[in-house]
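In what follows, subunit A forms one complex with subunit B and a second complex with subunit C.
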Partner chain A sequence: LTKFGTEEKKMLKLSWSIKLNIQVLLLQFYSKIVFCFPFRFNYRSTHHLTSNGFYEFLNWFDERAWYPLGRIVGGTVYPGLMVTAGLIHYVLNLLHITVHIRDVCVFLAPVFSGLTSISTFLLTRELWNQGAGLLAACFIAIVPGYISRSVAGSFDNEGIAIFALQFTYYLWVKSVKTGSVFWAIGCCLSYFYMVSAWGGYVFIINLIPLHVFVLLLMQRFSRRVYIAYSTFYIIGLVLSMQIPFVGFQPIRTSEHMAAAGVFVLLQVYAFLQYLKDRLTRQEFQTLFFLGVALAAGVVFLSVIYLTYTGTNKLKCYAKIHIPIIASVSEHQPTTWVSFFFDLHILVCTFPAGLWFCIKNINDERVFVALYAISAVYFAGVMVRLMLTLTPVVCMLSAVAFSCVFEHYLGDDMKRQSPPAEDSRLGPNIKSIVTMLMLMLLMMFAVHCTWVTSNAYSSPSVVLASYNHDGSRNILDDFREAYYWLRQNTDEHARVMSWWDYGYQIAGMANRTTLVDNNTWNNSHIALVGKAMSSNETAAYEIMRSLDVDYVLIIFGGVIGYSGDDINKFLWMVRIAEGEHPRDIRESDYFTPQGEFRVDKAGSPTLLNCLMYKMSYYRFGEMQLDFRTPPGFDRTRNAEIGNKDIKLKHLEEAFTSEHWLVRIYKVKKLENRDRTSSL
Partner chain B sequence: MSNSVISVISRFLEEYTTSTPNKLKVVDAYLLYILLTGALQFLYCLLVGTFPFNSFLSGFISCVGSFILAVCLRIQINPQNKSDFLSVSPERAFADFLFAHTVLHLVVMNFIG
Partner chain C sequence: MKGNEYEGMTLLSEKVAQLMEWTSRRSVIRMNGDKFRRFVKAPPRNYSMIIMFTALQPHRQCGVCRQADEEFQALANSWRYSSAFTNKVFFALVDFDEGSDVFQMLNMNSAPTFLHFPAKGRPRRADTYELQVRGFGAEQLARWVADRTDVMIRVIRPPNYAGPLLLGLLLAVIGGLAYLRRHNLEFLFSKNVWAFSALCFALIMTSGQMWNHIRGPPYAHKNPSTGQISYIHGSSQAQFVAETHMCYAAVTLGMVLLCEAATSPLDIGKRRIMCVAGIGLVMLFFSWLLSIFRAKYHGYPYRSVTP
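Let's look at the complex of A and B:
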């Protein structure tokens, strides 16, 4: 009934190729490197998988991260991304198309975003019609909210997770529509892929039960819903527990309890329906009361049992209590600017599409309405979750545009119920409206290409700035420093730095790190923070206890880079204070007036701490500009207070070309104890 | 009260034996067998303890899964429900049932440890 016409196929291929072209074009500016912080770790694990095999990867214990603790990688990572890349690499090499694993990793995201386009088309076609599906596929091919995670070179879980999400939802809608076990099992297998890919699978396992529950409330219970959900829940449950990282969470944590509750409720409801069909009203009522009494007893006993054994702990909002989670910039609430930047006009047409869906309600449209509402709430809480909002915005905007175009472009006479003579729309109105809509779409396309080329296409490892004459100046300090580390230090050297750079050091410099972006151990990070915030002697104690050989910091004062360690310093202090409140106090680092200053008026604790000394060592001799005094920090716009810095336990090992990365070597203990007399 | 409950249940059983086709009765017998197996496993777990937990879970979920799939099969081959399932013939329902069982047992065998 709904087959792929040749025109539809052409449109889909077009949208996929537009996407690939935009993203690959941007690679011309920079060589094929794998961007950003978490991606280095994913690449390193994939490399480990392809060199050593699947079982080695599942059982990998990484002793070069989180020294001296190490990290059980197999049990703490979502393997979907690495396995996908490894599988593609294996199959291609089997066919004697030799590709390096790095190329597979770099190009994986655009390929999967094309697949996302296709699954969005399928999903929207199930919800509305084919025209809306095509529009949705085109929207999601270029929308900036999704492009940030799917450029060539971004090798992160979200790249494949959004495809798995859309495909799972498509299969779910299909199984609710047909009531066939085949589609439900397909949905389970897709859900299993999603669980292996991203922690956001919790969204699926809560949205689908919510959909079933709302259908029950709306008295839209049907046998197809029963079949679809029961099969999905039970087979999906056992599939999701196959991933080592997820383990037994689906039957223990509170995030999965909604799904179990709806499952039990659905069984009871279906059984009652079955009885109702067979018995008279009187008989049904007697049995009903007995059943309700039994059920209440069972629920009561199970609640007592669960609270007694303490298996169900409700999670409070981690963001408020744990400073590490609060310090990540992606976890801040979303501003209105981000909504517009990422979605442009779609954010305005999206409510219109939602209204159309609610007006012509059926089982599937209930689902998309719930999806939209929950996604909007989550996107408002955290910037990072804009990504889950983007697909549903694309779908509903496509529905809105499709309705408008159908109304204003379609031939009135050919409709099933042609309108009366006077209520027909004049050709003028039709053409004006159509032109306006087309103009909106063109502006949207222009905006998307601009955003992609400017904001989301530069790897944050290589910085670019523009000179007075407009020519581009590339700052390659990070790679310079990492390669210095790689070539000039001992292979087993241990590097201490703030956790942001852990994956990069492990990936590009191939050295053991103390803390990295996984941030699973708060106390260890607090120790590093304490070392950075204390004076040199106290810090030296900590560094010796952790066997640190080198310390790496980022300093942006020469070029005005605002993401350096002095700007992050207060977070280091806060995290350290959380674990060692007697030694570190945040108020010590502020002036008596409560300001954070690095010049002469700054607090003495700040001017003598290790981070300050390492950042500004010998910076006092440097005069960048004849207008400013020597030692002028461009990022903080202040002349530094402590210019004559002497380091006792560290010595400077390397400073990169624009002083962005500074590496210090930790000196060994003295041969003779200077303070001893005799 | 209990009198009426017993009379309701006996009338229900009588109606059941006369009006359900034989095909569905076979499926119902299978359902009863699965239910008993699952109950036995749960009882064993309560008595002996949950170690190893993954083996218990895989066995129990295998029972629950087989039960659910058999219920789905029963719903789909019931001629009274034909209007709900226009695209699913009884043969297709049985084929889906076999496919679902293959997937379920593959996963259970992987999980049983």
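Let's look at the complex of A and C:
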């Protein structure tokens, strides 16, 4: 297999270019927009960085978000992504290749995913052999679980974080194998990059100590492990504390304590080994070692248990008392269909790869086995963490396929030790197996292409629907509304909307928002929720106190869009009820039978609340087609109950083409109090 | 105590003292028609009564009443032993068989029902607890009570010792086994054992068992109109327990067999059988998996391995 020299490089280049091609092709269709909600914020921060410089960025206080509180961006964000994009932009402009920062942001993710394939190749080659490495690189280039975060235009932390993760792991495995300080320092630098890029660095700082601990338990302690981990821990700790957002957490929070515990344990163990070499009382020493290992194990387990119950309590508490966390769909557990959808054949073959790894165990394969087990547990619990499972699934499936190919593909006679005449499987069987494997791989590639084109390639800002004749109908209401806001409102106008749209309004319309996707202040969000769910007069009080000029809502009743604000309304009520239980009660918005209805049978509180009035203003006069009565809501499939809506304190400012986005202006106070008689 | 003895106790303080005495014996006071009229309906009254109307007799066969009764008892106990206990709120219970006249008087025809009788004025619509909407959990009841009476009750349930006890038992069994086999701990070092357990764990997690654990779906669904049992949930957002059992284990086994067939030192006949078995498993079960996937993701265009 060593003749793969130049061919391997060609294959790598091929996998990288395949990836880039798929993603750029998808992008050409929708033109270069940076889409999806959290990415607007990252782009805005990067823009701020390139316009104002690095120190301005670190000290940035954003007064245009979370009005009137503002947000300290410099201290509450992971700067890795913005700094990477800014650096690339700076270097390119230095070489007089003029690119706009927006183009850098859009194309950053595919470039880094190519780098991820390369680092996966390196890591798998260290673990198994080159053949497996090539397969792993090809798998990760097209697997849907990773493509969702690395399409062009997806400018989010995970795009660069997975590359940093794989590269750090590669350097760690290399440093354990060679025991040289050079590789360990490289690992630390890569870890520093990972800490600056993503909050998921906690995974690394727990997995590597776990690996060292298990090696100790398996009596595989060696000088190499000692050198690698000691260097990594100290320098990695100091480097990780340089990021302002991380600060002193590595020496205070329980998630980092395991690393410290293992470090201490390792020192003690090494010291005992040193003593053992110099003393002759062997049996006493082994007993002593056992006792110490047991004590340390107990300490380690108790730390894990404390962490587990700490976060477990937090999870249960959070679910009941902070409905925001419960309402994000990415925090739900994973069905088996999601696994299969994202990973296809790889999820079936990855346990087989795990089996082979453990059967032929050595230091680095212990690492990948631990990585696999922990990643599969977390992915089972939260859909969002499927992303951390994808690299290890690719690696282990590559190992499994490589095993099969190795035995069934080559010609037996050319091996170093050809097996005896009668103990060979016939060439027929071998070719059948080879054909089967190739067919499986082909099906995988086809599945990935289908998934990518259907599920992960439409920017959520622009909606597409298909007509009866199959032609595509593009609904560009969001952008239409944001540009209206941008061009027709005062520059310092404040826009109130639900937090999902905060980043988009701040990015595309360039207006001050009240709440956005960062969701760091629950009471502020509850206040907005209370305004949306109260009647118009009470809501007007709240809006006056918050200095709101415009209110923006999403309404899907005309086209049947199911992600609109009326469908999210119950979450607004729940969050508001959490903070204002006396004023808002969720049961008020249901009928006496316990149903949520928008038609005549709906609860009067619901039919008179601000969100209802704003969504259905003038909708009662609109007849969509001759079969349904006027005011028929296509999303809820019901005729609305309150058709004659009059707004007292708001006036309609803008409604987009398909009524998807509706903007209302908040009227100022009357000059003269009408109710007082003179 | 007979009915006519109550007629003397019209003074408010005597009523309250009597209620306190009953509460000290049992957190939830059992009432019949007479007691109800004297203590809940008749003035003077400066205390609130939270009353559960239920039917606990076995021949009534009301399972919900029994479950609600447990929760109500937990709530009343928490109240009685809490530091904020006052004589302003009392918990009581009226059983249908003991106080059917009360049910008639209040026009009540369903059980269980929770009513709040405020100290002043008539009970309003919000003084009836909405059982359908909120359920009968003690925490929800406590919130409703707090809403109506301004009294915060923290529900404390007696600690459940079953969990830690079981864990202790398990550890003891493991410790005993380890001690017995302490000279022969070879199985701990066996790679097969570790590899197999890791494989099982990975298969368990990826087949969606955590989703089952958290959401608690049914095993299968029986369509009430056609009587047909479906083991596969129609949409891709949910799953039944039956689905998670028919998963990738077979395909994985097939791959493992294929590799083992090539390398293991058994004789050639067995190896051929292993190989063929591996091929068969992979092909068959993967196509089955694809067809189930198709059933859930409508619009998925690809069929089994053999198109």
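Keep this in mind: the second predicted complex is superposed on the first by the 632 of 678 C-alpha atoms of A that agree within 3 Å, B and C clash if a C-alpha of one lies under 4 Å from a C-alpha of the other, contacts with A are read in each partner's own complex, and residues count from 1 in each chain.
The working rule: contacts are C-beta pairs under 8 Å (C-beta built on N, C-alpha and C of every residue); 3 or more make two chains touch, one makes a residue touch a chain.
Given the structure is predicted, the values throughout are model-derived calculations rather than measurements.
With the two structures aligned on subunit A, subunit B fits next to subunit C without clashing. Using the contact criterion defined above for the overlaid structures, shared-chain residue A:241 touches subunit B, although it does not reach subunit C. Using the contact criterion defined above for the overlaid structures, shared-chain residue A:230 touches subunit B, although it does not reach subunit C. Taking the C-alpha centre of subunit A as the vertex, the lines to the centres of subunit B and subunit C open to an angle of 100 degrees, rounded to the nearest 10. In the superposition on chain A, A:359 makes contact with subunit C only, while subunit B stays out of contact range. Residue contacts after overlaying the shared chain place A:535 against neither subunit B nor subunit C.
In the superposed pair of complexes, A:453 makes contact with neither subunit B nor subunit C. Touch counts on subunit A: comparing subunit C and subunit B, the chain ahead is C. In the superposition on chain A, A:436 makes contact with subunit C only, while subunit B stays out of contact range. Once the two complexes are overlaid on the shared chain, A:130 sits clear of subunit B and of subunit C alike.
Superposition on chain A places subunit B within reach of subunit C only down to 24 Å, the least C-alpha distance between them.
In the superposition on chain A, none of the residues of subunit A is touched both by subunit B in one structure and by subunit C in the other.
Within the complex formed with subunit B, the subunit A residues making contact are 178-182, 184-185, 188-189, 222-224, 226-227, 230-231, 234-235, 237-239, 241-242, 248, 251, 275, 278-279, 283, 286-287, 290.
Per the touch definition, subunit B reaches subunit A in the complex via residues 1, 4-5, 8-9, 11-12, 15-16, 53-54, 57-58, 61-62, 64-65, 68-69, 71-73, 75-76, 81, 84-85, 87-88, 92-93, 95-97, 99-100, 103-104, 107-108, 110-111.
Across the interface of their complex, subunit C is touched by residues 333-341, 345, 347-352, 354-356, 358-359, 361, 369, 372-373, 376-377, 379-381, 400, 403-404, 407-408, 422-426, 429, 432-433, 436, 439-440, 443, 446-447, 450, 454, 581, 587, 590, 593-594 of subunit A. By the touch criterion stated above, subunit C contacts subunit A in their complex at residues 130, 132-134, 147, 191-192, 194-196, 198-199, 201-203, 205-211, 214-215, 236-239, 243-244, 247-248, 251-252, 255-256, 258-259, 261-263, 267-268, 271-272, 275-276, 278-279, 282-283, 286, 289, 293, 296-297, 299-302, 305.
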